[in-house]
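Letters A, B, C and D mark the chains as written, and numbering starts fresh at 1 in each.
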Amino acid sequence: MEKLVALIPLFPALGFLCITFLGKNMSKTAVGTLATAMVGISFVLASLVFSTQLHEGHATMVKVFDWIHVGTFKVDISFIVDPLSSLYILFITGVGSLIHLYSIGYMHEDEGFNRFMSYLNLFVFFMLLLVLGDNLLLLFVGWEGVGVCSFMLIGFWYKDHANNDAAKKAFVINRIGDLGLLLAMTLIFIQCGSLNYNDLMISGGDIASLGKWTTLAAILLFIGAMGKSAQFPLHTWLPDAMAGPTPVSALIHAATMVTAGIYLVARFSDLFAMSEMASQVVTWAGVITAVMGASIALTQNDIKKVLAYSTVSQLGFMFAALGMGAYSIAVFHVVTHAFFKALLFLGSGSVIHAMGGEQDIRRMGGLKNHMSITYWTFLIGTIAIAGIFPFAGFFSKDQILAHAMENNLTVFVLLMLAAAGTAFYMFRMFYLTFHGKFRGTHEQEHHLHESPATMTTPLIVLAIASTIGGFIGFPHAIGESLHVHHWLDHFLSGTVVAAHSHLDATAEIILALVAMGVAGGMIYFAYNTYVSRGINALEDEEINSGLHKLLLKKYGFDELYDNIIRKPIDYIASGLHHWVEDKALMNIVDGSGSSVKGIARLLQGLQNGQIITYLLAMIGGLIALLFLI
Amino acid sequence: MIILLISALLGVALLALEIFKLRSWMMPLMLISFMAILAGTAIQWGLAENIMNQNMISMDAFALKGISILTILAAFWLVTQHKNIQATGNSSDLYALIAFSFCGALLMTNFTNLVMLFLAIEILSIPLYVLAASKRGDQLSNESGFKYFLLGSVASSILLFGIALIYGATASFDLYTIHHFMATQNTHPWIMVGLVMMLVGFAFKISAAPFHFWAPDVYQGAPTPITGWMATVVKGAAIIGMFRLFAGAFEGAMSTFAGIIAIMVTLTLIIANGMATLQHNVKRMLAFSGISHAGFLLSTLLIPGFASQALMFYILGYGIASLIAFTIMQNVGSQIGEELHAFEGLAKKSPFSAAMMTIALLSMAGIPPLAGFFGKYYIISGLMGHYTWLTIIMVLTSVVGMYYYLKVIFVMYGKSENGASYTENGKLYPILGAIALLTLFAFSAFI
Amino acid sequence: MIALAIFSIPLLLSLLLFNSRSNSNKLALTGLMTTLVVAIVGKVLQSYGHIISLDVPLIDTIGFHFSLILDGPAFVMVLLTLIAGIGILYSIDKEIQNANRFYAWSMMMIAAMLGAFMAADALMFYLCYEWALIPIFFLILKWGHGEHLSKITMRFFLYTLFGSLFMMLSLLYVHQSMAHPTFEMNAMWEAGKALTAGQQGWVFAGLFIAFAVKMPVFPFHSWQPSTYDHAPIQGTMLLAAIMLKMATFGLVRWALPMVPAGIEEHGQWAIYLSVISVIYASLMALTQKRLKLMIAYSSVAHVGMISAGVLSNTDQGTVGGLFEMFSHGILAVAMFAVYQMIESRVGHDRMNEMGGIRTSAPSFAFLFFILVMGSVALPFTSGFVGEFLLLQSLSNTGLGLAALAGLSVILGAAYMLRGFQKMMLGGKAIAFSALSSKETMILSIAVIIVIALGIYPNILIQLIQNIL
Amino acid sequence: MEILHNIYIQHYLALSIALFCIGIFGLLFRKNAIIMFMCVELMLNAVNIALVAFSKMHGDTDGQIFVFFIMVVAAAEVAVGLAILMMLYRNMHSTDTDSLNQLKG
């Protein structure tokens, strides 16, 4: 059965090639169907593989061919099938196919439709490579591949340089992380002599031979994860990445690619478990990101920006969990998050579709009467992310909080704040978008409509998923009676270091209630502000409180990096170019030539044509030689 | 002995031909006698070292090598310069003088007695004084002749004084006796002083710094064919004689002289290459490059075990190359001018001349796989490990050398043009080209 | 004997071309293709145990042999030379004056470089190394452009000559240290190893100066940008794609086996220099406004990486170095071909003044993008395999060094994408006629090679390691 | 007659060196070509004195034979030199060597 796994990445690749080379003489529908079908097939295969994993949850390697064999350095194109990877490919292909389907409707008008579909297929291919590879180098292939796809898709509308800049920014910042990953690889190979998970962790355990390098290796890996998963301080690219079409934001920048970092850390849970310090770093990066993302999201008015920052902050939650050793729970949150965040993005896409490209929630309002499906599904997504029982978000987030509570109270409080913020800004956006009266222009209002079926179907499916998706990871307290508690934890235990909360049932329940209480309070607050009192969010120029401005400016990270990194580099480069390249080196090279001539000019004085001089030189030479003897 | 006779009689014969109005026979006669000399060396090659006439000369292997090389050069010179010499009108005198100085050059290779050395040098030089000044109307030619004569005679009198002192110390002019004396007796101060003065005399002849000042002026002023002769055959003969003397008879004293010679080599290389970069007159530039090659030639005295084949090889390679260069120089100079810009666009006017010039210059610059490279190679590899610092100086200066050789090539192949017309001189060129290529490429291997 | 054929076919062709008048292009291309076929056949025969190498004593007094071998590294470089050579001569788009001379010089240069790659004799290597200068000198002088041409050519020639003379000194030093001096490869290696570490250090210094100038490595690179800029584009390709590989190849073939201890104990400065050169060149590329110069500096950065990785003296370093040489050779040809296509259509290569070419020529943009990805070492392109192996090897010397050199991963992405964006993307669509079939051919083949080697590099790696 | 017995080789040598130096100084300080020839002759004759003295000292005749060679050569040189000088004078109407500096640099 596992042998099938080799085919899973194959189909999207085929899709990409077909559309690229044969796409010109195919109808848009045909292209769309082909692309979706390819990912769909992969999804079927993935679920088959997953089901086998359900029964025997051990890791199997499927080697395709030798890749790089140099002396002791041996790396193959070879896939790993184990609970972690099978879970990942399941939701990647699942959500992926849904989003493909959605894109058929969403991008139908765009002239670059074929290009878009082929890129999406290529992305899925690399993403599958990333999670299926059985060694770091193959993971790196996928890692960079998804980076390029994200580059191409963010800059999909390449005629506007703003998009291209966003794309470039995403790629370059990702490269910073990639360098960390590269160095981690070289270090691990030098110390452990292999890059295969099998040798390193599963059966070999060579990772232990890192010795004093453990922490460094872990941190380097985490730097890689930071770049991909937009963790502080490398988070600035993700919000800009919203320049891409909405399905891209849903697929790449919410559901799958940005969670690759979590995959990496979870994959190397043995390594991180060995280094206390690295875990601390991960935790705090996560916490800071979570709080920062949530706080910024409070003030954003672009519907996609809000979702982007909420993604940042949710990723923060996941890394906090990883740092606290709750690897399986982080993965759990990845899955649930994939469901509801994809749902929210697609919903927002549907809204933008209806609003004719308008993204500012201050220009919306009262859409619920016009687009009921979008409204209800969006509501489900919002509740789910706010963490209300029994929606998916509740379980995962609740358990992260539980871990925080027993590990470190400060972390717990901060995460609680972030959770509260999440509830507030999500509902703020929700109310501003769907409730109240319409604040847009007339032709927009006239144009309002529900999206086509290709777009609503994915919404419904994802809505269902985000409703029941949480049940794969029941918390101890509630699940005990049903004998399904921590099912995911057990399922993954073969791969990642298992660590489920040891709070007793009552504590868990109290915690859950507190969390929900806070969320509920926030929701009420939002309702009170934006629905009952009908207040609209402030226009930018009306803002006068400093904190608000700071949040609106996203703590000014972009400006900061501009000033402390990009500008200095340009300055140094141009300085070198002017002083070293053009002045110093040239003068040395050409100067050496002219100095020879200068010396010669001094000698030229002697060659003055006078016999006397020549005689003097001869006699002088003679005398000199006589003295030299 | 027969060899020397041929060369000596040659001059007389040439004068006789003039009397009988048989100028057209001169060139064949000379060629034949050169061939005869080569044949003679070939015959004697096998024979054991034979000393003749009361130890005056000795036809040993070194001498035969030297003779054959000088003869080859002379023959090549004749082939390339014949037309130009004829053009001067008084070819018989010139040929006769050339023949005499050639005879002196041969003597330089095989003397075993200081008297013979002195005579050889004088036979070699005195015709040259005349030849240098042979362009009667031309003031530059006169000036060069006069300078050469005056400085040359001073140099030979210094040399003579050295000879006298050595005679005073060793009571003999015979090199073997002197060699034996120096090997047995403790060195007499007179010998040292005498040696220094002889060194000066020779340094002047091969134009090594600081006794080189005459060379650029004389080379520039003298008629180009004569310059070619002086730069190749004469310089070769001088260095061969010097090598024979210092590496042979006085080798005992070389330990004391090595330092001095190294310094002279360094000075020569630096001054000559430096000065050459400033020249706009190509002929003068070639003169300076000739001086820099004298530096290389002189440095063969420093090679442990005195690698005479390195010396011979260098003379031949450098000689052929610079003869080619001077031939092209003569044609361009007589038709357009001697300044650098006279060469502009030569590649278009006569690709062949340009190609020959380029090959010659690159060979002198020591670019592989030309002979000049191997010449430098043998010397540098000989010095490597013993005078490593000198090899580095040689390398650096040859980069400088590359610069001024390249300037000419640039001008020839560059885009700029001068209107002047140019016609190749003589049908011999293809043959000459063949010979040159053969010697410059192929024979790199056979030594 | 076959080795001799590989060496002599281009040489004879060039002599022939000097005198031929008609369709020299076809003649040259067929010649190179024949050579390529011969080379491959030879390799196959060799793998069946035939002797195809050649060893003729030329000058016994100094032990100079005319000897050619076709072992793994040599074969890979021969392959590169011939493939790149075919691409270069094929990429000539417009009529050039005295075409036959042009092709003749190019063929002679290719012959010289083939000799240098196959040489199993130090002096032979040196001779070919120097000899290759002459043809490129004439190519630049006669077919180059720009008003300071002669000054630039002079600087290029003297600078490289200056460097290689130091190599001669080093080789001679090793040579004269033997009891029975010979230039034969293994003997030279042994003699070099026999020297004390201090002497080896000096010998290495001499060699490295020669190679550093040719590659070039900071601060010996100041001849390179202007030369690349003013040379005829095919000349630039020859320089960047093949000629500088003689230097990197020299490190692998001569420096490493001959003076390992010298590199180990007194040669680390060279690695530091190479790493500095990587960063410096990347920064320079960041400041360039013109495509051609940007490519030139990016090639400096790549070569610095090669030299740093190779000098770290590990399996990965050597193999990765040769792999990267091959991949960089192909990429360099393709990149400069791209430059030629843009320049011939737009009339200049100032990137700021272009934009939106992708709109007019999507397939060109697609191919170009893949090439860009190749040169920023994206996985599944040949660039990645080489760079990763080199980085791996370099981090044996020091993880910090690897980190510094790795900065080129970021900077490279920065300047390459910036250039791509400025020329290809954006709103304003400048007129850009679609590629001719010839141009498409060149780029596609390059792209295919780059990707094929990225996905299945093992074939080349096994060739390098002589396993095949 | 007494005095002659107190004259040793050093004295002859000193004499010849003195003459030689006089010749050199003459060359350096006189501009007239004719006089410069004379100085060269002087140097040659200084050598002759030394040679004769040495041959007396060694009691063999080689040195004295050599002197004859030198004389012959000197004669030849003078002949050539004067010829060149004549030509020079025809072209430049002076025998002042300072004017001979067109070739330089």
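Things worth noting here:
By our rule, contacts are C-beta pairs under 8 Å (C-beta built on N, C-alpha and C of every residue); 3 or more make two chains touch, one makes a residue touch a chain.
Treat the numbers as computed from the prediction; the structure is a model and nothing was measured.
Every chain gets a centre from its CA atoms, and the centre nearest the mean of all protein CA atoms is that of C. More inter-chain C-beta contacts link the pair B-C than the other of B-C and A-D. Note: centroid distance chain C to chain D, computed from Cα atoms, is 67 Å. Per-chain CA centroids place chain B at a distance of 43 Å from chain C. Here the CA centre of chain A is 99 Å from the CA centre of chain D. Note on chain placement: the centre of chain A and the centre of chain C lie 38 Å apart, centres being C-alpha means. Across the assembly, chain C contributes residues 158 that each touch 2 or more other chains. Within chain A, contacts with two or more other chains are made by residues 593, 604, 607, 609, 611, 615.
For chain B, residues touching at least two other chains, in rising order: 147, 150, 154, 158, 216-217, 278, 403. Chains that are in contact with each other form these pairs: A-B, A-C, A-D, B-C, B-D. Those residues of chain A that touch chain C in the complex are listed here as 65-73, 137, 140-141, 144-145, 148, 151, 155, 158-161, 164-165, 168, 171-172, 175-176, 178-179, 182-183, 185-187, 189-190, 569-570, 572-574, 576-577, 580-581, 585-586, 588-590, 593. Residues 58-59, 61-62, 126-127, 130-131, 133-134, 138, 141-142, 149-150, 153-154, 157-158, 161-162, 165-166, 168-169, 172-173, 175-177 of chain C are the ones that touch chain B when the two sit in their complex.
Interface residues of chain B facing chain D in the complex, by the touch rule stated above, are 115, 118-119, 122, 126, 129-130, 133, 136-137, 139-140, 142-147, 149-150, 153-154, 157-158, 160-161, 163-165, 167-168, 171-173, 216-218, 220-221, 278-279, 284. The part of chain D that touches chain A in the complex is made up of residues 24, 27-28, 97-98, 100-105. Per the touch definition, chain B reaches chain C in the complex via residues 309, 362, 367-369, 373, 377-378, 380-381, 384-385, 388, 391-392, 395-396, 398-399, 402-403, 406, 410, 413-415, 445, 447.
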